[in-house]
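First chain written, first letter: the chains are A, B, C and D, and each begins at residue 1.
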Amino acid sequence: MQRKGRLGTMDPYEHAGAGDADDDAAAAGVKRGRFYESSRVEGFSDNVLAVAITLLVLDLTFRSSPGHVLADLLRQWPAYLAYLASFGLVGVIWVNHHQMFTRIAAVDTGLLWRNLALLLTVSVLPFPTAVLSNAFQHGNRFDERTASVFYALAVTLDSAAWLALYHYLFMNERLLTRRVSPAFFAGERRRALLGIASYLLAILIALWDPAVSLVILCALPVFYGVTSEGWRGLRRRRKPPPSS
Amino acid sequence: MQRKGRLGTMDPYEHAGAGDADDDAAAAGVKRGRFYESSRVEGFSDNVLAVAITLLVLDLTFRSSPGHVLADLLRQWPAYLAYLASFGLVGVIWVNHHQMFTRIAAVDTGLLWRNLALLLTVSVLPFPTAVLSNAFQHGNRFDERTASVFYALAVTLDSAAWLALYHYLFMNERLLTRRVSPAFFAGERRRALLGIASYLLAILIALWDPAVSLVILCALPVFYGVTSEGWRGLRRRRKPPPSS
Amino acid sequence: MQRKGRLGTMDPYEHAGAGDADDDAAAAGVKRGRFYESSRVEGFSDNVLAVAITLLVLDLTFRSSPGHVLADLLRQWPAYLAYLASFGLVGVIWVNHHQMFTRIAAVDTGLLWRNLALLLTVSVLPFPTAVLSNAFQHGNRFDERTASVFYALAVTLDSAAWLALYHYLFMNERLLTRRVSPAFFAGERRRALLGIASYLLAILIALWDPAVSLVILCALPVFYGVTSEGWRGLRRRRKPPPSS
Amino acid sequence: MQRKGRLGTMDPYEHAGAGDADDDAAAAGVKRGRFYESSRVEGFSDNVLAVAITLLVLDLTFRSSPGHVLADLLRQWPAYLAYLASFGLVGVIWVNHHQMFTRIAAVDTGLLWRNLALLLTVSVLPFPTAVLSNAFQHGNRFDERTASVFYALAVTLDSAAWLALYHYLFMNERLLTRRVSPAFFAGERRRALLGIASYLLAILIALWDPAVSLVILCALPVFYGVTSEGWRGLRRRRKPPPSS
């Protein structure tokens, strides 16, 4: 508590995590310039995710000829589905990103670049979303297949970035806050692998029937949003916080 | 005061609300990882709302043939009206969002998803705005009717997200700061219901005369901005802060 | 110092201004919910200004036919000038906005709406910028005149929003931090009036020669950036901070 | 520690840097209004960089005719390369910007305008990126050459802005935190000069073979990301923090 108060006075940001950034080694590392402060990295990531989730609306363009507004609005349903799928995905990513950062006390270069890779896979999302909605509106079946595979590949890369992040945190205990054991990130790593597997499956299904894969691509963020909670609530044993 | 000082040292963000996040149960929940910190959720929401309100300008596109800049600028008046209506709407939503979060001490999963739903209805707003201004510029009367109904529906969904949020807060007192009684959110719930009713009425009017409904859609944010203040100032009795 | 420490513990944001938010009345008002915290309003405004300044680049579109990239790049010079003018303008607005908020201890409803009006005039800026660069690239002299007047009018509205803000702060001393006298905002009000006068003059010049007015519109942000500093450094007597 | 605690109570933001903003002169300057708080300038810069890095995706537009989605996706490879190059560049800029600001205690007007110039060169980046990908997709060899030179020039301006910033910090020790000697920024200045030289070399190579220069333009951010770490880790002797 004493140590905590001291740190809190020096750098209130350090405590923006769930009140547990009390890792002396990490704090000392931040002060010596070897680590980055996790709060700044998180703030920048938050900004990027917020812009990315809001930019998705630019995929919903509207051009219509007189008298056809209603028909054109209805015809665009694949664009709405793709928008919802990507919005949900970025939303779930944001939740997971915060969950991760509440367990991080300091950020080193390796984590920084892996985090940038994750932001890359999220920032780029409006593009495969546009390809997807475009193909389902104006393309033939081959186009739909291509677009679904392309979208699923983009999201697979996103899961791969998560895998890299979780693996790195599993290997670098010194970056974690005290109350978190590396075993936690071994579990998260499995969750990322499951994500990769699901999206590879969605790719296979897209080759068979793109419409079915579109439904799956929309459902997966919902599934991950719900089960990640359940997973966390049901199976994980969390180390109790040291004193609090 | 003692308790407050301790919390403030551990997590200065917790106090970003009106200095009243002194709910021990909520703070303990945040530390055990069961709740999210309200400040982070609020920060992300703020970012999304700021991007959404600024992106609206992209609906004001400009293409003109030589010698027609003045005429084309004047002809676009529905786009300006639609822009103002949506800008006012997001502005009012931001004010209400902050009002809400000054009364929230912790965020759980249910609140998190309801908040994301609200952000979805706000982020998507540039799209119905574009449809509206497009229909009034280039469409016939049937298009104007369609677009007005579509815009009003989008805003109705927004009011529905508010209703869900307020209802959830009414049912989950443990998420509120101490000085707020759940009764406050029962009142807010009524305000959201009134919003839904107004926008459904605007839909009916749009079926009759879309131009009139356009005026109403522009006026409602102003009305809500002004009366929410009046409502709050005149009718509500606020529980005085416990000690301060 | 004692009072300060107490406040700092309760709400570290309150002190984000230049360490002078030690107005007891204002702090009490924030706690009773009658005022908004200035830091939140400032944070949202910052976000909006950052998005607006970055969105300006979308006015720089590029389409070219094979073999004409160099010619098309050179031909677009009015777009670059318009971009620079607006970027500089938003940059200067951001600086002034911060200057203003370091002197504000609390935000009430009147200030909130006036601030939203300012954000509106900034957010909308990419549109007159696009009109301006469009007219100077593809329009005739009449178009250039129209576009220059339109752009200058938009910026005049911006100065009017500043005038409203400064006037409101002059009239509402209770919102100010202790070390600031309302007289300061009387001076700022004069600066806003000078801004309005300059832009009205630019409108007159645009009616005579739009190219000259374009140069003036580019120069004015530079002028205001430089002289506001000089003005502040040379003429104003600042009340010394109470203790520090 | 005593001094630190006092400052921390007055303005927690001041300490958002690596816990070393303990420069009494700078803090006093902030309070007297002669300096800007570095945290606010950094926050705004962070916002702008986050929006700029995310807006880059708007350069990836997609239009396709039925049956050609796959072919059109593959044909767009220069757009992907350009996107990656610019994303990497902004990412590296963000890292360097933070590195710089952890060593800054206060911001004066000169630094403020130089920082705005840097933000300008970053915000504008989506435009040369679009020109680059456009020329490599639809242009002839002359177009590719023009676009490569244009892109490299834009990045050279960015390096020039860094040079101006580092030089200014070298000349104004009073703005630095205590633990940093101006010699550090002499080293950074050399790094910026090396950047300018690299990009001028890329311009020369672009005149000879634009495809080679495209590869170099993509590789340089990676190179700077990696070596800036190595440079820092290997060669620089850092003054140990005074007490901590």
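Quick note on the criterion: contacts are C-beta pairs under 8 Å (C-beta built on N, C-alpha and C of every residue); 3 or more make two chains touch, one makes a residue touch a chain.
Note that the structure is a prediction, hence the values are computed from the model and not measured.
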Fit chain A to chain D (C-alpha, same chain sequence): the rotation, rounded to steps of 5 degrees, is 90
If you average the CA coordinates per chain, which chain's centre is most distant from that of chain A? C
Taking shared residue numbers divided by all residue numbers at the interface, is the value for chain C and chain D over half (same) or under half (different)? different
Taking each chain's mean CA coordinate, chain C and chain D are separated, in whole Å, by 25
When the centre of a chain is set as the mean of its C-alpha atoms, what distance in Å lies between chain B and chain D? 35
Residues touching two or more other chains, restricted to chain D: which are they? 8-9, 12, 47, 51, 55, 58
Sites on chain B touched by chain A in the complex: 8-13, 28, 30-33, 36-37, 39-40, 43-44, 47-48, 51-52, 55, 58, 109, 112-113, 116, 119-120, 123-127, 130-131, 134-135, 138-140, 142-143, 146-147, 150
Chain B residues touching chain C in their complex are 1, 4-5, 8-9, 12, 15-16, 18-20, 46-47, 49-51, 53-58, 60-70, 73, 83-84, 87, 91, 94-95, 98, 102, 225, 229, 238, 240-241, 244
